[in-house]
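Have a look at the structure below, then the notes.
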Amino acid sequence: MKHLSKLMGASLLLIALSIPQSAIYAGPSLKVLGWGAKSGPLKSFGVNSEAALRSAVAEINSAGGVRMGDGSMAPMEVIGYEDSACKKDEAIAILRKTASTTDAIVGMGTTCSGVCQAMFGVLQKKVEDTSDSGVQMPILADTCIRPGLAKISEWSFRNVPNEITMYDELFKWLRTAYPNVKTFTGGSETDQGHSFITYTAIIVQMAVKHGFEWVGPAVPALGPKVKQGMKELQAAAKSQHWLMGDTNYTVQARKIKKQNADMILVASHPFSACGFMKEMKRQRIKPKLLVGLTSSASQETLNGCMSAAEGIIIPTGFAPITPEAKKANSIVSKAGGFLDLHSSAAWENAYLVKRAVERAAIMGRPDTLQQDRRNFRNALASISSQKGLIGPLTRDGSTGEAEKPYVYVQVVNGKWKVIHDPNS
Amino acid sequence: MLKIKSISKHFGGVKALNGLDLEVGEGDIFGVIGPNGSGKSTLINVICGIYRPTKGDVTFHGQTLSGKPTHQRLKTGIARTFQNIRLFPNLTVWQNLWVARNSVEDIKTESSFYRWFGKSIIVKKEIEEMLEFSNLENRADELASSLAFGEQRRLELARAVATKPRLLLLDEPAAGMNKDEIRDLDSRIRSLQLQGITIILIEHVMELVMGVTDRIAVLNFGSKIAEGNPQEIQKNEAVQEAYLGYSEDD
Amino acid sequence: MEDFLYEVVEITQAIWDGLLFGSTYALIGIGFTLIFGAMGKLNMAYAGAAIAGSYVGLAVSMFFDAPIILVFAVSALVSALMGYIVYQTCFRFIPTHNHLAALMASVGGLFLIDEVIVLATRGSPMNFPALFEDAYFEIGPFGIRGDLIFVFFIGLVSTVVLLYVLFKTRLGMATRAVAQQDVAAQLCGINIHRTNSITFSIAGLLGGIAGAMTAAAVGVLSPVIILPLTIKGLIVTVIGGLGSIPGAIIAGLFVGGFENFFLYVRGIDERDMYVVALLFIFLVFRPNGLFSKTINRD
Amino acid sequence: MDFYLNLINTIGIHTMLGLSAYLLLQTGQLSLAQAGFFAVGSYTAAILTVIFQWNIFPAVLAAMFLAGFLAFLVGFPALRVKGLTLVVATIAFSEFVRMFFYNLKWRVTRNGEEIGPDGTMGFAEIRYFSDNGWSNLEVTFFLWTFVIIVMGIVWWSDNSRSGAVLRAVGEDELAASSVGINLTVIKVSAMTAGGFIAGLAGGLYAHQVTSLDHHSFTVLLGTFAIAYPILGGLSNVFGTLVAVIFIQGLLVEGLRFLGDWRMILFGLLIVLAMNFKPLGLFDKHTIGIIKKVIRV
């Protein structure tokens, strides 16, 4: 029994310990709690987002904090940044923990679109729907980029670029910037929902829309509208895709080489994107243009295959082009993170929270917690535009889909370089 | 009751059994002796269906056994013990006996649900008897692995008897036993005979075989070299030949 | 006719590439088979340890810009060490008859290794120095990856060496003795733990080579490839026949070619289904694998 | 409160998953196919409640029976192989199932929204509980009724002759068959029962997480299924429960505050547990101690 009781005791104790102690700070403060993948292959996402969020909050506090409902200024406080390990069960557990055992006003997470899908699922779908017993906790996400997640719950908010407009504009620009590029083909990783859907439903269609010619396996129905010919494309191009954990890309590369296109799309996370691009290099496939997936516009790609990725063009929601962005970038890298498409969103989210709080007149008292969360949600929902790091963030109230500025970056001499800013 | 018609069992080139014929009568204690490697254990494995004979057929009460798997042969009334004891070491003594209740009578008397999940008075009584038979009454709840060697032998015998067999195959039950234990075993075997169980006894220990058996068959190189009652066997040259020959190469 | 020829060429190419790449599966398979042969146990941490070795090799190359061959050597040695550690931590002190506990411990080991790697690299994929990156020969319509040839070659060499060690040296005798009859072996004065730990180290050595070769062939090293490698390795082990080294080799190459063939004709989503189907076919028609060794341990 | 209930639900689901493997381990079959049955159960139940608008109770039962039937079919080929071969074969099976759902697309449109399994995009919005206004407490009661029934049945069979027979088969198949036990019947029934339980657990899991995709049903899940009974010990059902509390309660939730080091400790503690208690945390020794304490 000794061992057993010890075990039980320990486990309960630890569970208790693991609940963020929010009473340590004197005086009222505005509490937020974040989570993301801090273990497993996607660790870097969580680490970067945490660094960004914490340093942004520090910035806000050094500038005086946030104005509460009673007019007083209170510091903003990140009462924890949990590890959801890119696992559904864990993310849901953290969400429920945050909602029921902490007085955080908003949850900020999480990594992995599939996990967001599950997490948003346990939220209340419609705010006014009292028959719905879903969790009532506002969530402000920075990395749940997969299309269509916004509609799952009115309590969920995402500060992510809209990939439809992103790629639409990108190919429009490429059309003019590279007039000699006519044909295109590409590949993706089929076991990663975000990569595969974005590729087959958006990227290819947008390329077709702007007059690039698909020279992959024949897909008559393809483009130019979003999702047009998606299923046909998925069926036709089966053998030029790969899986995230793959180790051998010879067949895919050879197929794509045979198609001999001017432009090749590599819609995949760095893990496999690097493998594939290395194989391209090996088989001496030299397209005039190489276009990648937003998620690959990150440090990982450079770690993984700097030389093979040389010249790849990717639209991204962040680049240190504005003074704010430069400042944020340096602060975050001091805090031990990289500011990229996703983590920059975490930074911006801190300011988004500040704005919503000041709009919603949050009391920040334990007894007002539920009301505060509801008000906060409504305020957040009512914010249709907000100043981001590299330009205005806008949100369409009806669909809940966000729009944010983006730039086109390219790997030049082993560094990400901004080659075009559509807003300038 | 048990007829073995020209059974052969070949392992690759090795002829473990070679056209063997045997007939065991109802209620007999039938001894099978022979030097090591003369095919005694193979014989048992063929009878209870662990080996499929290369040639020949075994009939039990006039019906052929060929093609029947081991567990069905048990239900026709053929039980066995093993040369190297095979109990269920991490089951209690009680459970070892409980598992063995598979005879046709049990299936007749109890509903199958009850047989699997119930524990009736009858079952208790029968198992008590078995414990008594193997004088393990006071160790019923201990693990079989915690028993001493002799006790394990007794338990294995009891487990075989618990299946209410009509024919019991004992594979060297006296191996590694001292005089008293052998005498004890002798009386057990006789008591089983009194219960009307036919017994095939495979044994090296001559005093046991010669004492207890009614008929003896002698195997060498997979075929029968002699059969008769103990006295005849003791006189038989071929037998001495075989044993002496055996002891020489040893 | 044109298309037909084209398809033939392409399929041949696909199978050929897969075949060469299969040599990495083969080495992983050999590792599993060795350990299973020696102890009748399954070491789930094996592929993880192999990849960990490659990471150390990579670290060496990053800090001392060592030649690729040294990277290979380091990977192999470290992973041999890992093999030894895995034996000491997950097998040595667990009762020999208790296969379940050992299996579970090695699973724990897998998690541990995996997470240590992640902690060290933030899970970011790492650039791994490729061998003869530009050695890509085009013979008529065919293309041949020089590095894969090298990988294949190393695979063969290490197998030959292994076979020599197993069948010609006293150590090998001891290993096989333990594999066949551990009690008897102990009675003959063979130190079973020593033998086992050596077996694990040898297996680790091979694993390290396999890991480094995989990493070099892909060009990037990341923890996401560990699980697929483990599964492929296990499938190869079973198809090859438990405890059979030649079986593992042939099965490895075969599976490599097989999966590439189906990748070409049926596409990525179904590729692994066919590999699994292949395994099932073997289990039905040849349950003991290519080179049947009836080991009745479990 | 909500959080603890959620944790209790998770523990319940994983306990059932573990018990489904527990039965098989008793007969000496080391099966990683439980992940496959779990997946079948969860997708079936989810499809029934979401697409066909069934009530959750029949849906979960249907999931249970489908998974059980599948397990029954798997049981026969599984007889042919044992040990490592069986492990790999069952891994292959569950991978096959996973890839099936990974390719499964079944979209229907209900009041303007597309719902249903969507291949690699997963199967979102399995919102039966919240749509019908179930409080988390009600969910817990609902779920644990099943858990307790399952545990009760397994416990009962453990202490009846059937349990002894299962273990007998696991310990010595030859001896078992020579006391008249039909190995085929026993092993296949164990596999089937395991499938039933895993399917049931899956059906409940689907509604707990509200979203399924192939990432949830990898080999790791199957590994956990066998990990619970092995880590807890095969002496009785509470071992599995203890192990689930150890892993889900202590390692996953309890150590969360350790951040980066949690998952490292996760692996480490499993290794240590197996080294110091190879027969499980809840082995005969522990039980002995407990009995003593109870007597005192």
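For clarity, chains are labelled A, B, C and D in written order, and residue numbers in each chain start from 1.
Assume a contact is a pair of C-beta atoms (placed from the backbone, for glycine too) under 8 Å apart; a residue touches a chain by one contact, two chains touch by 3 or more.
Predicted model, so just to flag it, every value in this text is computed and none were measured.
Counting only chains that touch, the fewest steps needed to get from subunit B to subunit C is 2.
The minimum number of touch steps linking subunit A to subunit B comes to 2. Relative to the whole-protein C-alpha centroid, the nearest chain centroid is that of D. Comparing chain pairs B-D and C-D by the number of C-beta pairs in contact, the larger count belongs to C-D.
Averaging C-alpha coordinates per chain places the centre of subunit B 43 Å away from that of subunit D.
Centre-to-centre separation of subunit A and subunit D, using mean CA positions: 33 Å. Centre-to-centre separation of subunit A and subunit C, using mean CA positions: 36 Å. Shared contact sites, meaning residues of subunit A that touch two or more other chains, fall at 39-40, 43, 190. Counting partner chains per residue, subunit D shows two or more touched chains at residues 102, 260, 263. Touching pairs of chains, sorted by label, consist of A-C, A-D, B-D, C-D.
Against subunit B, the residues of subunit D that register as touching in their complex are 156-157, 160-162, 164-165, 167-168, 171-172, 174-183. The part of subunit A that touches subunit C in the complex is made up of residues 39-44, 47, 190, 238-239, 241-252, 254, 258, 270-271, 274-275, 278-279, 281-284, 299-300, 303-308. If you check the complex, the residues on subunit D that touch subunit A are 1-3, 6-7, 10, 102, 113, 120-122, 124-127, 129-136, 208-211, 213-216, 242, 245-246, 249-250, 252-257, 259-260, 262-263, 281-282, 286, 289-290, 292-293.
Subunit C makes touch with subunit A in their complex at residues 10, 13-14, 17-18, 21, 24, 115, 118-119, 122-127, 130, 133-134, 136, 143, 145, 147, 214, 217-220, 222-225, 227-229, 256, 260, 263-270. Chain contact summary for the complex, subunit D toward subunit C: residues 25, 28, 30, 77, 80-89, 91-93, 95-96, 99, 102-103, 218-220, 223, 226-227, 230-231, 260, 263-264, 266-271, 273-275, 278-279.
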